[in-house]
Structure formats: structure tokens, C-alpha cells
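Both complexes below contain chain A, partnered by chain B and then by chain C.
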Partner chain A sequence: MSGNALQYAGGRYLWIAIGLLAASFGLYWLQEETTPPSGGTWQGLTLGIVAGLLIFWLNYLGVRKRRYGQGGSLKGWVSAHVYLGTALIGVSLFHSAGQLGWNIHSLFFWLMMAVIISGMIGMSVYLSLPRRLSAIRKTRSRAEILEELEGLELASLERAADCSESISMAVRTALEQTRVGGSVARQLLGRDRSSFEEMTSDGGIRRSNQDQQRLLRFLSEQATQTRDAKETTALRHLMSLTARRQDLLRRVRRDVQIQGWLQAWLYVHVPLSIAVLLALVVHIVVVFWYW
Partner chain B sequence: MEVQYQIAIVGSGPAGLSAAARAAARDRENGLATPSYVLLEGFDNLSKTIYRYQKGKHVMAEPGYLRLRSDVGFAAGKREDILGIWDTAADDQSLHVQYGSEVTSVQGQKGAFELKLANGATVTAANVVLGIGTQGNPRRLGVTGEELPNIQYQLDDPGEYTNETIIVVGAGDSAIENALALAEQNQVYILNRKAEFARAKEGNLNAILAAANNDDVSLGCFYSSAIDNIVAGDDGGAGLRVTIATAEGEEVVEADRIIARLGSIPPRGFLEGCGMTMSHEGADALPVLSEHYESSVPGLYVVGALAGCPLIKQAMNQGYDVVEFANDNFVKPADHELIEFQFAGLPYDRDADELIGLFMSRIPMFRQLSVLAFREMVIESSLYVGLPDADSIEDAQLSLADVQQKIEGDETYAKAKPSVTKVIPKGHEFYTEGDFGVSFYTVLDGEVVLGSTNFAGGERRLGRGEFFGEMSLIAGQPRPETAVAGDNCIVLETPRRTILKLIASNEAVREGIDWVFIVRELQRHFAPAATVEELRPIADEIKQLSFKAGQRLWEPGDDSNSLHLIRSGTVLIFNEVEGKRKLIAEERAGEMVGFMAMYNQSSRTNVAEASVLTETLEITEEQYRRLMNFDMEQEDVVDARASRDLMKYSQWETRGESSQVLEFMLGDGLGEATNALIIDEYLCVGCDNCETACAETHDGISRLDRKSGSTMAHVHIPVSCRHCQQPHCMKDCPPNAIHRATNGEVFIDDSCIGCGNCQSNCPYDVIRMAPEAPAKPSLFSWLLFGAGSGPGEDRAAKGPEGQVKKARKCDACFDLPGGPACVSACPTGAAQRVSPSDFVRIIERDAL
Partner chain C sequence: MDLLIRIADEAGGNSDRELTLARIMLGSANEADLQLPLLELRHATLEMGREGLMLRSIARDGVQVNGNTVKRCVLRPGDLIELPGVGVHVEEAPGGFDAMLTVRRAAGHTSVLSAQKMSLADTFLAKRAFAWIGALVVVVGMFVVPFLFSGERAVQSPVAAVLSDHVWTSGELHAAHELVTGENCAGCHGKPFERVQNEACEACHGAIQDHVSAGFLAANSAPVAAGTLDFGANANERCGVCHREHNEPSTLVSDADSDCVQCHAADGGIDRGIDPLAAVAGFTPETHPVYEFSLPRFTLENFAGSKDDGWRIDAVSETEIANSPESSQLIFPHDIHLDVGEVSDLTSGEALTCGSCHSMSVDGEHFLPIDMETHCQDCHQLDFDESDPDRSLPHARLKEAVLALEGMLLKKYFDPDDTGELFAYRRLPDRAERSAGCTDTPDVCVERELKEIVEAQFAGDIGCAACHEFERQDSKDIEDQFWVHPVKLPQDFVPDARFDHQAHQVLRDNTTNDLLIGDQACATCHAAEASERATDLLMPAMTTCYECHGDRSSASQVALACIDCHAYHPRGVGDGGLQQNALINGAEQETQQKIVHQAAQLWETSAPGAGAGEVGGGTQ
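For the complex of A and B:
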């Protein structure tokens, strides 16, 4: 319907970023005739100031985002943030003339790189995942899918009541022990730790039921063994209900996973950005203190 | 011995109570020991309608600018407090109230009325004041068999009925509440005339849907259904055999009882039984009244809701005044001052009453209005006086300064200012072509110039008694012309609600406006050079048609000897191939459909269907020929338009998926939208910054719900206002708090009384009733002392209990310079606002 943030205003900020890089390179290149290039020459210092201001401005997006009702387009800000943030790699490298080592300044650089890379991951996540989310949900909201799941569970319980105790126990425990979400890692990895209990002579034994696969198999095995007509019909229904649940659970799990990724990168990007801001202050103080 | 009262007051609502208090005060002034009046109340408490409000309901005191003139107090507050004040007043003033006295008939004439009571008693009085409102008279089923027993319009105690089959008719809150309560012990069917429960409050809606889908609850729903007829059942079986017309055909249900909850209407039978003349034939007609609230029966007065004044304060003022009138003391009504303010800047040396008479006589359309209706129209309108130069404007403003000062110094007007004459220079623009607007203008004197490139010579001059602005009022379209103040003009600008009320209640007004609308449409489309007089014969012949949503204008194979000008609503044109529809066009009010087939004299090849309630003007080929005779060159203009349409249609015919998406959007109600929020799911990352931005810019309450709503392909239409062409919410807003800004944004102002009418009228569920959100605490006090809501939290969630809930909806941020906050705060560009002209562009671009 309209372009994404990278396409904003025909890539206006891409050209600005390229311009900034070209100008930075120009300044860097100017240095070579006199002294070896470093952050200490006037060109290096200028580039440092530009990079420092850029860092403040990039961080300001967090404030700007919360300035509601001021008009302008946040999408435009995001576009500029992405392009100029990426350009920061070049500007800072031209500033330091590629001098990296085991010191506080290089730590600052790598912190900054971590922020930029997390930002790039974020941007690619933003560009690719919403489409997948839309495909997974098939025009339905998560709440609607969960509602249908609830209905399937009730129906499964009803059907299970027509079956032998071992089947109904398996179905009941499978429902109870179906897991969606969980810890952050489990959400992001989409891990499924569902299980169910299979009846044995001395009580029950817990079996993994990842992706509801094991339950499906259990039900199909039961179906070939039973002679009871009522139970056979019930098992047919249970299998199709479980298959439907399997499909929906996959969707929900993917949905949770994708939504998790859409947010997770920010938990790296934002705290590190603040760390970069602090590191910038330390960098400036240290540089001028030990000049 | 029978007492003959001076005044018998029927009904102890605000109007009746206030009348009784005035009569009591007069008795005291005259030193009478026995009351000269009686207040008859059928219920066992004062003011039944308000008594039946839900507990703790906040009652408002609109209109704010109206002075309360009553011997009984009233101010905005809780139901209990207001009833308390009235009960105390009735005690303190020893009002002569007779409870349990339902009046069944009023006979006789001034000086000797005889009121028969339901309990068999008779009361005689010289004058009668009716303040009975409309609540006591439910709207009836109106089908054969409705007189059978066990068909009722009220349910007092649901526990009274067990193990019955009961049909509840209606889709409002009372119907749902009754059905749910009865379903506990009975088999209940709820019968909804529409396809969904659009009018119900959210809580009730959820409850009824849950109950209908729960097999354990014995409640069934009939949608899009109505009772066709009722006959008495066979002996031994259930009492009633009810034939129900459903969308799928007829169905017969055996029921013990029918409970119809269809709202209330004026009790026409009773009023006509008293000898009163009614204003028109319709079911909602009110009695014809003089400026002193006297009906066509001398000595028989009507006040309150039944006099067309549903607001409490107005009713109380009428109650006071009517007792004075009945005693031949013709005081100026409490709102007289408001008319004086309105007329203060007029260049006439006459008193306000005379001016009212003068204006009414000058404007043919208003001649048949009652003085009361015209006074109300003037009070609710704005009056503009055009002056030739800066000096005269300055003089006029100086003289108006006194009036302004008077208003400033008056406590009554502290919150809401009454309207005062507005002085404008010649050349002032009332509105500009393309603006949205819903008010209606009447030229009381002087000249107004309408300008548009559509007019021959670019302009059209209007004089005394003519009016303008009808196009936007009727069709919900932007203004088709620019209206400029000419020489010495005096113009009355009337808000939409007021004029619609007049249209609904007065035939002369309706016909007058309709007729001008047709003539101007003919001029605009076909004969710009023709004069009103020349077009009169054709305009009189033209048929006005109305189509319900889903109804077809034509089908393939139909004769095509006419075209349709869409007067209001939207028409979809599609091809039907093996039962599948393929949309090829969407045409809105102001557009023309069906021209090509008429012109080519071929039969129809496609289907035209109304997507919302649509009205059209049908123009036959013969009429079209006559119109073309005024100016043959105009035929080229019409041809060019038709060929442009044809090109559009053929492009769309070849685009399958696009037309599906378009049809989805129109099906979701965007067909009547002017400005809707849509979300591109391919870009949305679910951050909800749109909702946060909305809440932050609108008192902490978001007016959009991103997650809900419907989706097709990747176009998501969230639950958010679409600013309809003809806003449903504006339909009946008692304080007239809903307005339309010049760019089309529909918004609610502070005078909202929280009645919830707009919420029930909105078919898209975009209006929320919510109390004022508390201010956000500082970060510090939230962090340390847990005060209020924190950053990003919903402020409304922690509001204090028992506050007035007011209607909240999207205003498209019309007062923010940066435009809609939801769109500008979207980091990915997923949230977009679209107008109908964008639909095609969006879908087209997407397809590539």
C-alpha cells in the first residue's frame, strides 16, 4: 500500500547518508599529506564531533517517538535513523583512521558496532516478519485463534468421554500439558515442551508430545485396536480435532515467536544505545584528559 | 363533593412537577388554603422515567445556556440526588400529588374538563396540562394478531414466568436484558430485525452472543427477521402461533408469550381521543401546539417530551410557563432572552416577537411551522448580518458589546454561551467549495452569491426566502459551491440536527428542501443555464427512489430507459458470473449511474446494488432529452463523463484480486467513509504506538483498537471512526454535541451528556463511553508513591468510579497541526488514513 521506511521519500536519507560518507572520506583523505591520519588532527577532530553529534541525534529518536501529536512522520525519522546510523560506521572509522586496539576507545567502538548491528537485525526483522505474521494468522487475530483452540479443547474432552480410560486420560493430560510460550528463550526459539500421560499398569508415564505428534500417533494406534463402534467414531473425531489443534498450535507458537523477535532486538538495541552514550562521554573525557 | 380544580396536571415528570410547583406557588401568593390544582401520577413515585434510570446514572443539565425557571431545583448530578431534591421539594411545598392515578381519557372543553382515571375515579378541571412524555407508550408490533393476550410491551419481573416459550422482539438493551433474564427459566427466542445487535451496549452484546452460542442456555436468535402474523394456538398447546419472516423464508414458532421492546412513541390514540390535532401522519407525530403550549383543544396544554422538548431543563421551564399561560399571564418564556441575543445586531427597530413573525411570514417554507418550532430553530441556529463596510461593522460590534457584557456577567452563561448576532462584512465566505459541512442556510434578507465553475457564468444569486447548503445536508458530500455574503444579507445557519428534525416533522419543509435539491442537481449535471422556473416542470416529475443496503437498482437484462443520480449513499456496480460477483465500480452521492445503457438503448449487462441505504433520482430518457434541449453543448460534457466511467469500468473488470480487496473494504463499511484508518499488515510490527499516540493526544483514552477489526489480504481495517458521509452517530444527539469540521472530521464536543445514543447508532462500534481520564502523575510520584498510572499505561483504567461517562471517538486530530497522531506516530508507515478516492490507488499500486 505504501513503501517501507527504507523507501521513505524515494530514499532521501540514503542519499544524505552517502553524502555524509563521501564528505567524511574527503576529510579523512585531506589528512594524508601532512601528518599520519588519526583522531587528533583537526580533520579527525571534526569527524569525531560529527560522529558524536550523530550519536546524540540517533538516541534522540527514543524521545521523538514519544512526542505525540507534533506532526511530521515518525517513519521519516526512522528512515533517517537507519541510514545515518549505518553511515556512522564509516564516519567513526574515518575519525579514528581505523586505529583499533585493546583500550577504552575501542571498547566504545565495538559497543557502538553492537548497537548498529542489533539495529540492522531489527530493521531486517521489521521488513520480513510482518508478512510472515500476516500469512500465519490468515486474517485472524491471535485472540480469535485462541478462542477456536478453546472450543477444540472442549470438543476433545467431550469426545474423550466416550472412550476407554486410557484414551481419555491421554487426551485430558495432553490438553493440560500443552505448552505455548514460556520463558523468553522458549518463546523466541518456538520450543514446544508439551507432553501427555500414557496409562501403564502402575499409573501413568509422561511422554513428550512435541507438536502434538505423539498424541496423534497414540490415537491412530488405538483406532486400529478398538472393536467398539462408539469408540471408533470418537477416535475419528479426536484425531481430526487434534490435527486441527496441531495446526492452530503451530500458528500460535509461530505467532508468539515472531512477535517475540519483533520486540526482542529492542531489548539489546536500547540498553546498548544508552551504554554507547555513556561510553561516548568517557571517550571524550579520557581523550582530552590524557591528551 | 367533587372538587373542580383550576388546573389538572397529568404526569409528574420534570415538566409536570415544575407546573405543580408553580401552581402551588400561585396558590400561596393568592392565600388559598386548598390547592387549586392536582398533580396526577399513574406510578407510585415522582417522575417515573427518571426513577427508572439505572442506579447512580449521572443526569446532565443541557443546554447549558438555558436559564432554569422553576420553583423546583435542578442541576446536573446523580439520579438519586436529583430525585431527592424533587421529593424534598414536593414535601416542603406540600404539592398536591395523587399517586396511582393513571389518566385514561380527557374529555370536555376549557372550563370543564373531565379526566377519567384507571381506578374508576373522575377528576374535573378547568384546564389540563399533559406532561406524560412518551415512555408510557411503547411502539407496538403492528402485525395482525397483536391484540391477542400474552403479547406485552413491558417486563417488570422476569421471575414471574417459568417453563414458557417466550419470543422477545427487539435488538436494544432492554430487549437483550429481558431475554437474558427470562432464559434462566424459560425457552427464549430473541428476534432481531437486523443482521446484528448493533444498538446494544457492549456488555449486553457480549452477553447475548455468548448466551446464543451456549447450548446450555435455552436462548435462540432470529436475525434479519420480523413477525409476520400471530394467531391463537390450538387448545392444549402453546397460546400463540407466531409466523416469523426470516431471511431464509417463513418459520412458525409456538410460543406462550411475546414481549416486544421496540422503544416508545407519542401516544397518538390517547391524544387524538382528547381531540388534539397531530402534526403529521407518521407514528412519531407530536401534537400541534400554539406558542403557549396550547393544543388545538383550548385549555388543554402539552409540555415536556410530548411537546418536542426531551431535555429536562426545557421541560421544567415549560412547566412553569404553562401554568402562567393557563392563568392568562402571558410571560415571556425563559428562552425569550436567547432570541433577543440572537436578534440584537439586526438593523431593525422591532421587538423579538415581531421579528419572529416577520421572518416566518417572509419565508414560504417556514410559514407552516409552529411558532414554537421556529423559535427553537432560531435559538439553535447562528444569525449572520452582512454589513457593507468596516465602519458599520465597528458600530455594530460596539452596540453588541453591551449584549456580550450582559452575557459575560451572567452566571447562567458561565459555562455555555448563547449565540449572539454575528456581524460579517460583504464578501464573507460562509463556506468554500470542497469543504465538508452539515449546516443549512436560509437567506432571511438581502443577497447571497453562490459561486462554482459548474454554474453558467460562474455564479448564482439567492435572495430573500431562498436557502443553500442542502446538498451537503442531504447527500453528505462536500459543499459543491462557495457561498459568499452579498448586499445586506441576513442569513440563518441552522445545525443539521435541528433542520433534520424540522424535515421529519413538517412536510412543507421537507418538500421545499427536496425540491430545491432536485432542481440544483439538474442544473449541476445537465442544464447549468436553465433557470429554476424552466426546470420546475421536470423537477416535479422526477421520481425519488430509496434502496436498502443490498437492494438492487437493476439486474442484467433489465430495461434501461432511465439513469440514476445518486442523492445519498453508495452504489456498487458489478458483473455476476456463475454467482460470483466481480466489482467494477463504486459510485457515491453526487454521481450518476446507468447512463451508457440508457444512451445506447441496450438492456442492462451488469448489476447495480446499494451498499448502504441509498436514495436516487431516477431520470428517464425522455426527461434527459428535455434537459439537453436547454443547451445542446451540455451533451458533450455528459458524454465525456460517461466515457471516462466506461474506461474505469473496463480496467476494473480485468483485475480479479484487486476488485476482491476493494469489495472487502466497501463491505466493511468503507463505502460510506470519508476518512478511514487502514493498516498495512506487511508493515505493521505490532508496536501499538498508534494507540499510544491516540491516547496521549486525546485525554488518555485511545479511540482506536488496532487488534480488532477485519482483515483481507494484508489490508487490516481496525476499529476506528471512518467519518461517514452521513454520520450515523449524529442522528439523535440530544445536546447536539456532534459536529463535522470543514475537512469532514466528525467530532464530539464537551456538551456531551453521556446518553450513549451515538454509541448505539454507530454500526462500526467506534464510540466508547468513558469517564474523564485522571491527569498523569509525575514520573517521580508514580515511581515512589505509586500514584495514578505510569508511562504508557492506560490512564482511563484507573479513573475514579462514578464519573460521568462521555462519548469518545476519533476526531482525526482535526485540531492538531500535524494531522492524525496515529499515522504520524507509526514508525513503519503501516498506519494510513485513506479517503474513498485513495482506495483504488492503494489497491492498484499494491497489485503491481
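For the complex of A and C:
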């Protein structure tokens, strides 16, 4: 596997898409200049049939990608899907002669455009993000990182047991209140709502612990204040462990964010594709209903 | 040493790592080969010894193996190394490996992270549910609701603009249709999945004539049955073929030549042997036939007393213009009237222009009829009685004119108050001499002078004879001795075609590139300034048209479509149109008949008595 879907077979489907657009323009141009070109002329109807079949075929990718090893490589299919899907904008505009208004046919067009644009966004994140993803994970999977994090947590708890109650509480609550991911927005924006509780005379006070910064500061402050040699050693360990957790949490959070972006467009693309398929059927029924 | 390390997670999954190293370091340091967070930085090593897999503890406190703290030991399959946080099980080495270890997390701590949402799939987002919702919204919003409020039920919709079949429109309806139909789609779209039928159009546009009327088709049933004249369904297409609604911009009439040519071309649908019209494929000298125009012609033999007798209308090809005299029965030199040295405007003193006589009709195509009273009489006056200069001879009524003259003479010879002074006619300076010496009785004088005056009118190029063709007849009554030919000025030389005179009032000369306006524009097609006789037919040939025009395919400067000049729907009202002419049927199956008939029809309806009226004698 070398090159991405856009480069598949030397851009074969790019040329096919350009050819399709040129042929569509030719048909559009063939329409007599005597009345405004529209989807109702034989050329317009032909373009409509082509665009409709294209929509069905583009949707078929959803079926095809679940069936491995059928009819050519999946990469080839994706390449064709991307190029011909983009060309659909031109074919459908030539079909309708750019006539858009306040009606279901235009709504159908805008739904289709939403699908195509979401697909373009998806393609661009696929092209740009995975490289960053591997840089973040350093060849390790997220599960491995999480496992290491769990180990670090256990070690932190063990070390915290050697410390005073206030330190132990801070470390314990910091672990409990560490947040990665969460809602759609937090996943996609990579927001960190972690916190920990610092002991005060009248119980605990919750402090923001974004990026574990506050905990690190707390631990270093405690290290300068303590006289207990065992606690000093434990605090040094805790700081080291927290620093490693900080690094790993950053990576996981970024990983969640990038994975989110790699997935997010599909939540628009896939459901709207189905909606567009139905809108296509409605479009065809309606134009002939009131022929 | 080839070592397989299997890391087992709590969910039961495994991930394998293969290491090929002589010595494997376990620890929490970054450079450790098996990095485990709770270990010392460098905790222990593994290497393949002579006795098998050898574990050496680097940690000061040793390592727990099968419950015993050891510094070093040989590992066998089934052994368990207990490290902080994990248990490492020694397994039977699979083929190709020297040893295999399974690392399992020690129970006791579950990270809070394991319960957090780290994938969009864990959130409310769900492709399948969204797809169902989207599909439902599309079908309900785009089809079901508009269907429930379709047709006449649209008025029941709370918001018809979005919740009715109005959203099904494929483009704006023409404003006039929108107003009349009240946006009731079903008003025109009768049955679903059926194109709009002509009946829907005819509900309002019933007076529009079919291209070929039912009457014509019925009258020609014989040749249709014989398969020689296949007008059939093609003749009267669905209105929607040419009239397309819901287009943007709204364009209700298609002016595609192909719609016409598909029947009228040489290889079109109409049998060339029967079609009265020449084949046409476009608007170029090669593809368009020469035109024929309707020329009224007068023949004395046919005259039987009525004003329209003696006339027939010939269809004349444009190639015959030079040989086809116009026979309006007037004598009128255009050149003299346009020469300021000869004729000038009475008030301004300037030369006459084309517009002095030819006033354009409001249709921009035709010209208002020309008549004596409006256009000629300012110069060619008909006053005759010096004692009463406001009196004029009645024009076009010879008998009444003679009676008027007689009355004037009777008064002159019998009225004792009359001075006896003889008036001089402005244009008959010799009259006074001839009349002066009448010494006979008054009645004889009256009769003689009346005869002299009337005969003088027809004697040369003055008086009636100045403008009118006439015949001498044997009669004892002076008023019956001359018969003036009836005058007809053609109103429309090409009644089947439209020509926009208004649009042609400003032209550009193709060779000099000069702008031509006013009479210069007229003269581009009509050579009036050089015309000495009224018989000159001042119609241009179509080569003049081709100087600027062609069809769309000819890349001419100004492209013309068929319907720019020709009407698809025959003009006229009621049962008029193609079926009324004698086309093909009847005694004369000549191609001209159609044109002739249409010209005559138009004639009947235009200009009551004015331009086409008969013209009698005048005294001057």
C-alpha cells in the first residue's frame, strides 16, 4: 500500500471524473439556446439519469466496504467514490442548469452538497491527521498508553500512601477527577476538565487541574515544605509519575481529538447520504407527478 | 533470543509483541524492552542461558517467582513472576520462539479513565439513528406533507409556502399563470404522471387557432387516408412542446427553429408533393425559399361595376419584382415628391420625407392607409368656386363633382348679381380666354363650359388625370364620358409574415458602417428616390435581409428564428386560420392560393374604405 486514495492508479478516477464533467458540459451545451436550459430537455433528463445513477453507486460504497475482496480493491473504490462524488456537483448543476429556488428539488441539491462537502472534509482529515496520530502515539496503541496510565495511577496511589493525608487526598482525587474525552465537544476540542481536591481546614476545595499542572505545582510545594525523608522520596516519585501521566494524558487527549475528527464527518456524511437517496426518489416521483 | 510477549487486557483481548534480543530489560525506564510503570527503572533482565530462560533481578529486593523471592532463577512454563502491578506468566514457547510470556495486570486498581467516553460512538451520535431520522424527515417533509396539502387542499395548509405541493415546483410559474391559477398546481396538472394536456391551456386560451385546424384536417381526410398528407398528430402538437412553464428565467415560448423544421424541411414530416409551402431548413439563401408577396392587380375586363371588381391578387415571387408592376391605378412619381426642388412641405418648406405620407401603425409593422384628403389635398386642392373658396369638389364621386360644377356655372350665367367676371383657374390659365367669349344663351354657355372644364380634367397631366387612370366612354352625358379606375393601395404585401418596420428605423450600413436613420433607413430596402412611376414595385428581395440576418446556425450578426417572421398560430378569429383557405382543396391547387387567400382576408378586415377605397375624378 503506497500512496493514498487520491493517488490510486495514478489518479485514474480523477481523469474519469474530468471526462464525466466534460461530457456533462457537452450535453448541457447542446441544449438549444431558444429556451433556458433545464432538467426537462432530453439533455437535462440524460444528465439527471447519470447523476441519479451516480448517487446510487456512491451510496453503494457503504455496502461494498463491508464486503472485503469483492470487485477490486477498496482503495480503488474510495478513489472513485471521492472523485466521482466531487464530479457529481458539476453533473447535477448541468442537469438542473443551475436553476435553484425554494423547492424540494433545490433542497435535495443542498442536501447532496452537504454530503459532498462533509465527504471533502473527511477526505482532508484522512489525508492530514493520521500522520500526526502516529507521531502522538509513538507506534503504541491507545490501549497500551491507557494501560500504562493505569499502572502509573497504581504506582501513584502506592507512593501517596507513604505521604501525609493532604497529599494522599490530592493524589487520589486527582486520579479520580482526571478527565479525558467526554461529550462530543470535549472530544473534538480536546478540552481538559480535570480537577483535584486540596485539603483545607474545613474539608476540601476543588481546584482545576488542567493538564495536571496544578497537581504538579502542589506536589513541588509540598516537597519544599516537608521534613520527612520518606515523604520527600515519595513526593519525588509522585512528581515523576505525574509528569509521565501528564505526557501520556496529553497524547491520549490528542488521540481522542484526532480520532474524533476522523469520525465526526461520517455522522453527517452517512445519515445524509441515506436522506439524499430518499430525496432522489422523491425528486423523481414529484417531477413526474406534476409532469 | 526470540521472545513473544502477550499482553492480556481485562476485556480478554491480547496484543502481542515480538522481541529478538540477546538480553531483555524489564523496568519502568524508557529504554526498558518491556516497560512496566511500577517497576524500578531497571528491575530485572531475561536472557537465554544453557539451562533455559534465565531471570536476573536488578532490583535490590529481588523478584517474586511462584511466591519465592529470588535474585536469579531459571524459568519454566507455568511459572509466575509477580512484579509490582502485573503478573508475568511463563508459557510454552510456540514454534519459532524461544520463549513466551503473558503479562496480566494485577487486580486491585481500575482507572477512572476506563469509564470515560473516548470515542464519538460513546456519545449520543449514532449514524444509523440519524439515517432513520433523516430519511423520515425527507419522506414526510418532501413528499407526504406536500401530498396531503396538494391540489385544491393547498388552501387548507397553515403555511402553504412550505407545507403544500407548492414546494414541488421545479421553477417559478409565470406571473400571469400564477395569478390566474391561484397557485393551484392541479389546475393545470390534471392527472398525476401525465403531462399537462392541451385542454388545460384551452380552458383560457380557447380562441387560439391550431396550426392546422380540425376543419382543415377533416376537409383533407381523403389524402390523409391515402397516406399522402400526414399532418396527423404532428400538426397540432401538445401546447407544452413549444410553451414550457416553470423555467428560469420564465420563457413561455420556445423559438426553436427545429420545432418548425422537423416538419417543414425537405425531409421533414410533410409530403413535399402536397405541402403548399416550399421546404425550409433555416434562414440563409441556401436553406430558405424565396418569398412570395401578394400583389393586387387590376384588369379592366373583369370590372363589372363594384369597387372590388377587376382585381385579383397575384402571388409574385421576389425574383419577379422587376417584372411585376404594381397596379394601384394611381399615377404617382416618388422621385418628384422626394425632390425638394419639385415638392416641399407647405409649412416648413423642407423636402417631404417618407413619413410625410407613410405613418406607421401602432403595430410597428404596417402603415396607416393613405388617402387623398389627408395626404394629397393640401397641395392637390379641389376648390373650384372663386366666389366661395372653401368649397371643394367631392373627391371620388365624379357625378356629384360634375353637378357641383354645373351649379357653379348656372349661378354664374343666370344670377343677375353675378358680375359676369370669369374666374381664372389657377392651373387652367387658358380657361378664361375660352370661356370669355360666350355670347350664346346662358344654358348653352353653361353646357359648353361644363364640357370644357370636365374634358380639361382628363386632357393631359393635370386635373384628375394627373393622378388617376381612366377610360373614355360613349355617353351623351358629360359625367358618364369618363370612368376613373378604382384605386387600391396594398396594405400588406406579405400578410403571412411579420416585419417590424419600427425596429428597422435605425440601421447600420454594412459597407460604410454609417448609422442610417429616418429616410436613409427606409431607402435601404425601398428605392423610392429613384422611382419615377407608381408601377415600380418598391419591395426588396430577401438578399437585403441576408445582409444582416441569418438563422442561429449561420453566425450572422442578427439571428432570426422562424417565429420572428412567421406565426405558428394562424391569425384571425373564430374558425379562421389554415382551414379557411383553399389550400390544396378546390379547383386551383396552386401554391399561391394560400397566400392569395390570406391577403384577401386581411384586406377585408383592414382600412374600411380609406386606403383601399375607390377614387373618383378631381377637377385639378
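One rule holds in what follows: the second predicted complex is superposed on the first by the 286 of 291 C-alpha atoms of A that agree within 3 Å, B and C clash if a C-alpha of one lies under 4 Å from a C-alpha of the other, contacts with A are read in each partner's own complex, and residues count from 1 in each chain.
Throughout what follows, a contact is a pair of C-beta atoms (placed from the backbone, for glycine too) under 8 Å apart; a residue touches a chain by one contact, two chains touch by 3 or more.
Bear in mind that the values here come from a model prediction, so they are computed numbers and not experimental data.
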Touching partner for A:P271 - first (chain B), second (chain C), both, neither: second
First, second, both or neither for A:E158, with chain B first and chain C second: second
Which superposed partner A:A223 touches (first chain B, second chain C, both, neither): neither
Partner chain(s) touched by A:Y290 [first = chain B, second = chain C, both, neither]: second
Contact breadth on chain A, by residue count: chain C or chain B: C
Which superposed partner A:K75 touches (first chain B, second chain C, both, neither): first
Contacts of A:S134 with chain B and chain C, given as first, second, both or neither: first
Chain B versus chain C as contact partner of A:L6, first or second or both or neither: neither
Touching partner for A:I18 - first (chain B), second (chain C), both, neither: neither
Partner chain(s) touched by A:Y126 [first = chain B, second = chain C, both, neither]: first
Shared chain A surface residues [contacts with chain B and with chain C]: 141, 143, 259
Residues of chain A touching chain C in the complex: 32-36, 38-40, 99, 101-105, 107-108, 111, 141-144, 146-155, 157-158, 175-184, 187, 241, 244, 252, 256, 259-260, 263-264, 266-267, 270-275, 278-279, 282, 285-291
Chain A to chain B touching residues, read off their complex: 1-5, 8, 65, 68-75, 77-78, 126, 129-131, 133-134, 137, 139-141, 143, 259, 262
Chain A-facing residues of chain C, complex: 7, 9, 13, 15, 35-38, 84-86, 105, 108-114, 116-127, 130-131, 133-135, 137-139, 142-143, 146, 161, 165-172, 185, 189, 192-196, 244, 247-249, 251, 254-258, 552, 561
For the chain B and chain A complex, residues of the former touching the latter: 678, 680-687, 689, 692-693, 696-697, 707-708, 710-712, 714-715, 813, 816-819, 821, 823-830, 832, 842, 845-846
